[in-house]
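Each structure below appears as structure tokens.
Here come two complexes built around chain A, the first alongside chain B, the second alongside chain C.
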Partner chain A sequence: MTQIELRNINKHFGPFHVINNVNLTVKDREFVVFLGQSGCGKTTTLRSIAGLETIDSGEILIGGTPVHMLKPEARDVAFVFQSFALYPHLTVFENMAFPLRAVGMAKAEVAATVERVAGVLQIRPLLKRRPSALSGGDLQRVAIGRALVRNPKAMLMDEPIGSLDAKLREEMRVELKRLHVEQGSTTIYVTHDQIEAMALADRIVVMHAGVLQQVGTPAEVYANPVNLFVAQFVGSPVMNVADVTVSGAAGAGLVTVKGASEGFAFPPALLAQVPDAARALKLGIRPEAIEVALTPAEGHLAAEAHIVEPLGSHDIVDIRVGDSLLRARTRPGFVAGPGTPVWLRLDPTRAHLFDSETGNSLGIRL
Partner chain B sequence: MRLSFPRPFPDNQNPEAILANPSLAPDGSAPRSRGLSDLAIRNLFIIPTIIFLIVFNIFPLIYSLGYSFTDFRASTNAPANFVGLDNYRALLSDPFIWKNFTITAKYVIVSVTGQVVVGFGVAMLLNRDIPFKGLLTTLLLLPMMLSMAVVGLFWKLLYDPNFGVINYALGLGNFEWLADPDMALYAIAIADIWMWSPFVMLLSLAGLSAVPKHLYEAAAIDRASGLYTFFRITLPLVAPILMIAVIFRTMEAFKTFDIAYILASQPTTEVISIRLFKMAFQEWQTGMSCALAYIVLIMVLAITNIYVKYLNKVKER
Partner chain C sequence: MAAVRTAGEVFRHRASLVTLLLVLVIFLGPIFWITATAFKPRNLATTVPPTVFFEPEISPFVKLMTKRSQIRTAPAPEVYEAAPWWEKQVYDGGEKVVRSGKGEVQLSGYPSRFLNSLIVAVTSTLLAVSMGTITAYGFSRFKIAGEDDWLFFILSTRMLPPVVVAIPMFLMYRAVGLNDSHLGLIILYTAFNLSFSVWLMKGFIDEIPKEYEDAALVDGYTRMQAFFKIVLPEAATGIAATAVFCFITAWNEYAFALIMTNRRAQTAPPFIPSQVGSGLPDWTVIAAGTFLFLLPVAIFTFLLRNHLLRGMSFGAIRK
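After this line comes the complex of A and B, so read on.
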């Protein structure tokens, strides 16, 4: 059983605090994705687990054993590099055999293991080629193959499909998922691509400025972001965020977007939970939680479509409300084009309120 | 409305304008308002070098090839007689010449091996994060910058049996490094290793620093030991540039003259260049020595060719 635990780990690069007191437990056979922007510390955290970086303080345990003082070769983890890091002078077979030969495995066993893994990854015909003669997707398969042959305690992957084109990335994503289901090794995967994270992860770890922002299943992170950073990082298009004021006039709660003359009707029970209505608040609402109508309806506010982006399966419509632009998701061709009058309603069950100052969610749900 | 953008290039540097109107190209085909054309400037740099090469390299090379088929002696006024391949035949059947070649081969092997081992070893040390790396590298390059004659005289003092620092340091008493027939050749090779290891070091350092860091990281993750990583990653990847160093040093060692001439005059240290020198300028067998020079040239070319073939094979990977 391979559980990976990070306890209060910290790391500085000069004055930069790149890993800030990170605590995390990755369970056995779990697929965890570190998600964040470039420079958020996700790769450094992964490299620290592998032993390619030393941490300033804290503990890293793999399978219950503290490993943060050990060299990478003693930690028994496999690492897939973004650049693949295949040995250019060795053939695919030799690349995959490298970790086995390095520990003196018998020749016949090496050949059998490499053949088996090459079969799983469907790269048997490539075994005699050198990396320079391979396509991006094949390079990636070989890099994963080199990691898989050793049956490591854990697989660590640093944006392994980041350098592939969009179509190939999608194919490889499915393949990675399949491999994890089949092999079931504890995996930590680093990416800045939230779609990749949503598609692959059992749990997503959102990082920002070296700090863990939220840990949860893709659905949790998507539906209940703990702060504005997570809200605006996960999801495509991102969550709409607008400055609002809340009031409880005439028996019905109102959420008014800054600059708008009217407010959206919200259940008073929800708004009653706002601890201090005078505090500056931001409303977060996902595009699919905005209901758009082409005729006036009860509880809908009148507005006008600003831009329509047709994306094939759906359209994204930008609608000006007060000082903000709200992006709504509609079925294709629903809104004819810019300037079309529309009527909006927000789904209160999927609305989020954030403290403008701290950016944290108020955690108020209907 | 037509948008206009500032033009990024003058016309004679703008690829699109040049394609449309080739006479705009700045290659001298368009008249220039003043100064020399690019073509004229290019010729100004190249022609003197070419003339120099022809007069001092190509011409003597061809002229000496002609002499190698004659019995010409530069010390007499007698005309040169054509003797065909006699000089070559005589040289190749002369056991003393083969003795000189054997000495040279021994010297080349010891010297080049020593330079590669020392040079590559020092490069490995310098390829780490150490303080004053730049200064240290510069200091280590100093021997290479000295004149051969100076190095020869310098090592003569170091080897001196009476006050030489080497005997003092090794506690060898009055050991005669340069007079000992068995040791003298090695003594010369040691001086050559001292002088030229920095050259191998410099090229090795370039090769080592070009090995991507992530390959070492991958090897560490793959649980490879330091030795395994060295033989399976470092050495194969540095091999092409190391081969270039070996080619250069072999060619030079094969032609070694000055340092051997200055340090010792033993029959056991008579490398082929010294034999050639004696034949040409002491015995005045000009025609014969030209033939020997050509034999040496062909041998060096043959050895180099083997290396180059191997180099190409290594580079193909």
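After this line comes the complex of A and C, so read on.
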């Protein structure tokens, strides 16, 4: 039963407030992913939990015990580094046995444990080799093996597959998920790759400038981003964001993209919830929530396709509306090419309105 | 070597081989000369043109290690017959080995000077490298107020020409009774080498990724254990290189050894030239002393060659 709690933790690097009053509870056996751009404080938070950084204020509890004053070796957590940090002068076996020898485990038991974990990770044939003789994927397996042997209270992973090539990264992602399902240790995983986060996490923690932006399941974070930062960080391609004005005329609400002559029709009930229509607003809409038609249709606005990116399973079409480019997702080959006239409709149930000044979502849903 | 070579390239290749051979001859010439002279009978040492082919003998080494005196007349046949083979070679050269009243061979000053050199050089190298490594680790891994100033200060201790401090050092050493003592020379050479050792080791330790220690810390080791189990093995190449340089400096040091010591703690460098003496110098003995003096550095470097040649292996880190 290992629960990790962060209570009001703060840290500064000189003038930079790198961790700003972070509160979070990671439940037992949960896989939590810290997602954010580089420099957002996610790695520093992880290192603080491991004891590799000291925090300025706040409390860190692992399994109910305050650990923020303990040295790393007393916290019983395992850490997987982006660089793997395998000791080059030791063989794979010795690397994996290293944490066990720290606690003075008997020789036979060390060998048995390393063998067992190596079996799980399918790296038994590599045990006698040195790290310099291994491929990227195998290095990563050994690094995870070194973390697993000790059966630690928590696994902390700092972009463990960030330095692998794209194909290998996909394979290792599946393997990490399998390992977590099998081993079930409480895991915190840091990444800047939102696809990794979506694929692996029980819950995603989006961080920006040292502040937690949103904590939720991948589906929640994707469907209901609390602010523009989260909206534009999660999803690929990212959510379209356009300056809009909102008006209600002739019984139908209209959302007009800045610079456009006509507005999209929205249910008046939705727009009635906008507290102050005069306020500058931004519309957020995911590419799959834009419906594209090749013939004029009821409630559709005329526009012109700008660029078409064929991606195999689907196409991404850039369409100019007013001053903004909206990117829509279509069937492959649906839009012939640049210059094709198209008609658009936005799905109001999947549209988001954000306050332009604060960037926060108005939280208006149909 | 599968690439096609043009005639010009072949010529350049051969020319560079010839040049290399020439350079090699120039560099190895003096060493060959010393080695050859060390095994020559005395009468062949200074011939013009130089004798290249001769029957090697060890009389120069026997004479180097023992006290001896000139003899005017050849020894009596029974004395000659009773002498061991190595002493016969000395008799053949017109000298005899001096023995004590009990008939024991009396040693010259060389063996004890050589031993002094070993004691002083090995001890000061150990001290300079170990202290330098720990200091460098501190500078490399921790934030230290005025770090750059401290490092410059450490380097600045090497900036004064040794000659400038020789006389003050001699007076201070005499005042505290450190002159002509092993400890005195060890302190002096350690101080010489320390700044060099700190700077060199800092460069090597900076190259060792901090993640290794971070990993060792979360693996359950203290920082001290991480230093000994991870940093030291990783820094082996740097330690070997630093040790070789420190050893060479301490081993070859001449000026301070000449000033600070005269008998008890005298090292080999000031002793060897003192054997030139007055009258006709015996070049074979001096060459033998020099030849032996060259060996420890050669052996030390040879033993550490793998560490010196092995590049830092960073195969396990992705940058």
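Just so it is clear, the second predicted complex is superposed on the first by the 366 of 366 C-alpha atoms of A that agree within 3 Å, B and C clash if a C-alpha of one lies under 4 Å from a C-alpha of the other, contacts with A are read in each partner's own complex, and residues count from 1 in each chain.
Everything that follows uses one rule, which is that contacts are C-beta pairs under 8 Å (C-beta built on N, C-alpha and C of every residue); 3 or more make two chains touch, one makes a residue touch a chain.
Keep in mind it's a predicted model, so treat the numbers as computed, not measured.
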{"item": "Joint occupancy of chain A by chain B and chain C, clash or fit", "value": "clash"}
{"item": "First (chain B), second (chain C), both or neither touched by A:77", "value": "both"}
{"item": "Contacts of A:163 with chain B and chain C, given as first, second, both or neither", "value": "second"}
{"item": "Partner chain(s) touched by A:64 [first = chain B, second = chain C, both, neither]", "value": "neither"}
{"item": "Touching partner for A:88 - first (chain B), second (chain C), both, neither", "value": "both"}
{"item": "First, second, both or neither for A:136, with chain B first and chain C second", "value": "second"}
{"item": "Footprint overlap on chain A, where chain B in one structure and chain C in the other make contact", "value": "50-52, 71-73, 76-79, 81, 83, 85-89, 98-99, 102-103, 130, 146, 150"}
{"item": "Residue numbers on chain B that touch chain A, as the complex places them", "value": "212, 214-215, 217-225, 228, 232-233, 236-237, 317"}
{"item": "Touch list for chain A against partner chain C, complex", "value": "47, 50-52, 71-73, 75-79, 81-89, 98-99, 102-103, 130-134, 136, 139, 146, 150, 156, 163"}
{"item": "Chain B contact footprint on chain A (complex, rising order)", "value": "50-52, 71-73, 76-79, 81, 83, 85-90, 98-99, 102-103, 130, 146, 150"}
{"item": "Of chain C, residues touching chain A in the complex", "value": "209, 211-212, 214-222, 225, 230, 233-234, 236, 313-319"}
